[in-house]
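Below is the structure I would like to discuss, written out as structure tokens.
Every chain is named by a letter (A, B and C) in the order it is written, and numbering of its residues begins at 1.
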Amino acid sequence: MPQPLFVIPLWADLVAVGLGGIQGALFASGFRGDRRLDFLGVAIIGILMGMGGGLIRDLLLGLPPATLQSNWYLLTAIAAALVGMLLAGILARVNWLIVGLDAVVIGLFGAFGTSKALVVGLPLVPAVFVGVCAAVGGGVLRDVMMGLPVAIMHVGSLYAVAAGAGCLALASAAALGLDIGLAAVIGVSFTTVIRLLAVIFDLSLPEQRMLYRRKVAVETAAIPIVHPKA
Amino acid sequence: MPQPLFVIPLWADLVAVGLGGIQGALFASGFRGDRRLDFLGVAIIGILMGMGGGLIRDLLLGLPPATLQSNWYLLTAIAAALVGMLLAGILARVNWLIVGLDAVVIGLFGAFGTSKALVVGLPLVPAVFVGVCAAVGGGVLRDVMMGLPVAIMHVGSLYAVAAGAGCLALASAAALGLDIGLAAVIGVSFTTVIRLLAVIFDLSLPEQRMLYRRKVAVETAAIPIVHPKA
Amino acid sequence: MPQPLFVIPLWADLVAVGLGGIQGALFASGFRGDRRLDFLGVAIIGILMGMGGGLIRDLLLGLPPATLQSNWYLLTAIAAALVGMLLAGILARVNWLIVGLDAVVIGLFGAFGTSKALVVGLPLVPAVFVGVCAAVGGGVLRDVMMGLPVAIMHVGSLYAVAAGAGCLALASAAALGLDIGLAAVIGVSFTTVIRLLAVIFDLSLPEQRMLYRRKVAVETAAIPIVHPKA
């Protein structure tokens, strides 16, 4: 495996890890299930949300996880989770902040995932896939660890679609010869804006069931015409 | 790591991915939980079932996932998931097709997993283990993502056992000097036939509890003989 | 990646795998959910608990899993799971044995994880992280596969904290120049003793909610002093 020429700057990576950690801890602090989370549980969610995306990206690329090659990633994620826990009391009702942070975080993880995949030599489609997995992976790990229904699987707010659109925009821009740094900025913006618009306008994908029902309705409506009763 | 001399032909790999994708989408379309799946959810299950086995195999072998080295795998899985969704309305009651497809798919993934593991140099026992993980891994990921009880863990229809028997047959045939392509055909056939027989005759493993009860019953029955009361 | 100079002796690794397998099978045999486990389910839990920690460790380190490079690991884990199943009837009420075994097993997996990470060249913080993941990873996989709430996430008995303290002790001792074999013994002892003390004295971390309530109580108590009413 050749040494990648493009390296995500450490500060950018740590910003994503830190924002992810804060967001995860805010989410976990607000969680009231039938079994409660202790301090450690909230911290684990913060670490998962801050570092999960990067871990999944590197596993899919077959590389040793970059987030474990320096002390800074874990220290940042733990510090961010602590900040998130302390702020949870104050921010409990500032829901838009949690949603906004989340939109930026999935944008960043998606862009880092796709650009690293392209640099390592993956074709466009799998590079976008790795980006989406990096963007939504932390949330999937969080939901599985907390015993919640996995959010991206259910009728929601175009969560993975926002990540996919941003990663595709990045990969397309890079394929057209754009500088990958600039392409990454475009990707992050795409994801963040689509995700926020989806939340604001309460957009979601049509359900499988609804579509099926509509088809049945059409077929049922057609019956009287084909086989008139009277 | 030496370059494997044996490479699974791309068309065979894509057939497995495509059948897995169709099967996953059919399964997910029939799912009626308390929280419904949207289009994206059905597509994700299709991709997981089509590509999950290969991903898990390569992670266990410490190799970069083969399914991400070309555009074809993801495109095939996505197309297959779409086909599965469109056919779901028609095929909802053709349960034997879903079961039959599934039997072939676990056979293929098991055979590809075991043969790749053998080629990479793993001993027989771990090679069979990698094959079984490749065969059932997509289904485990599906169940975890959908919040269902993990099927292979519960009293069922010899699902993992069918995969294990096929992988063991393949590995044994290869150890006896048989051509690995021929060994793979034997492995796929073993798994598919055992799985179908298990479904047809409703076979399952005895439960842990039942066995325990039987043992207690034997011990209780033995008491009068050892310590006669009268 | 350089060849590690320090190699965990095979017998030590197999002892950990075997104890983990027995412990997992004992745990799974005692499980009475709404859907029962069959033989295979109990065996899978035994294999997961015996080999899961090592698999997760090597995935995080970007190395091919050591537990799949020889036949012995799987054979040991399967044999141990069988022994655990046979003993489950006798040991069902010997809860302290299951807890004691578990304390030793997380100590061993944590120590092997941290020491291998240090040898591969990871800095102190990620090395401790890898050790903790290796120690608790098998249990997380077990809970997810069995559909149980993930134990380390919930108000519990300092499970992950015991692992973390032992791994930190090992890494600190190694950083101070102690022989890594001796450091590993210290680490295992730390984890086992802390875990057992936590269970004996029923210690747990304060809940997030409780702390939040206490803070609110303090603030409420302070109000009369700052703004006296009378």
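Note that in this section contacts are C-beta pairs under 8 Å (C-beta built on N, C-alpha and C of every residue); 3 or more make two chains touch, one makes a residue touch a chain.
Composition by chain, UniProt nomenclature: A, B, C = Putative membrane protein YeiH.
Keep in mind that this is a model prediction, so the values were computed, not measured.
**Student:** Could you say what rotation angle superposes subunit A on its sequence twin subunit C, using C-alpha positions and rounding to the nearest 5°?
**Tutor:** C-alpha superposition angle, subunit A on subunit C: 120 degrees.
**Student:** More than half overlap in residue numbers between the two sides of the subunit B-subunit C interface, or less? Answer same or different.
**Tutor:** Here the answer is different, because the shared fraction of interface numbers falls below one half.
**Student:** Let me have the rounded angstrom distance from the C-alpha centre of subunit B over to the C-alpha centre of subunit C, please.
**Tutor:** 28
**Student:** Can you tell me which residues of subunit C touch two or more of the remaining chains?
**Tutor:** 59, 62, 144
**Student:** Spell out the part of subunit A that touches subunit C in their complex, as residue ranges.
**Tutor:** Listed in rising order, the residues of subunit A that touch subunit C are 28-29, 32, 35-42, 44-45, 55, 58-59, 62-65, 67-71, 73-75, 85, 88-89, 144-147.
**Student:** Write out the stretch or stretches of subunit B touching subunit C in their complex.
**Tutor:** 1, 59-62, 117, 122-126, 129-130, 140, 144, 149-150, 152-156, 160-161, 204-209, 211-212, 215-216
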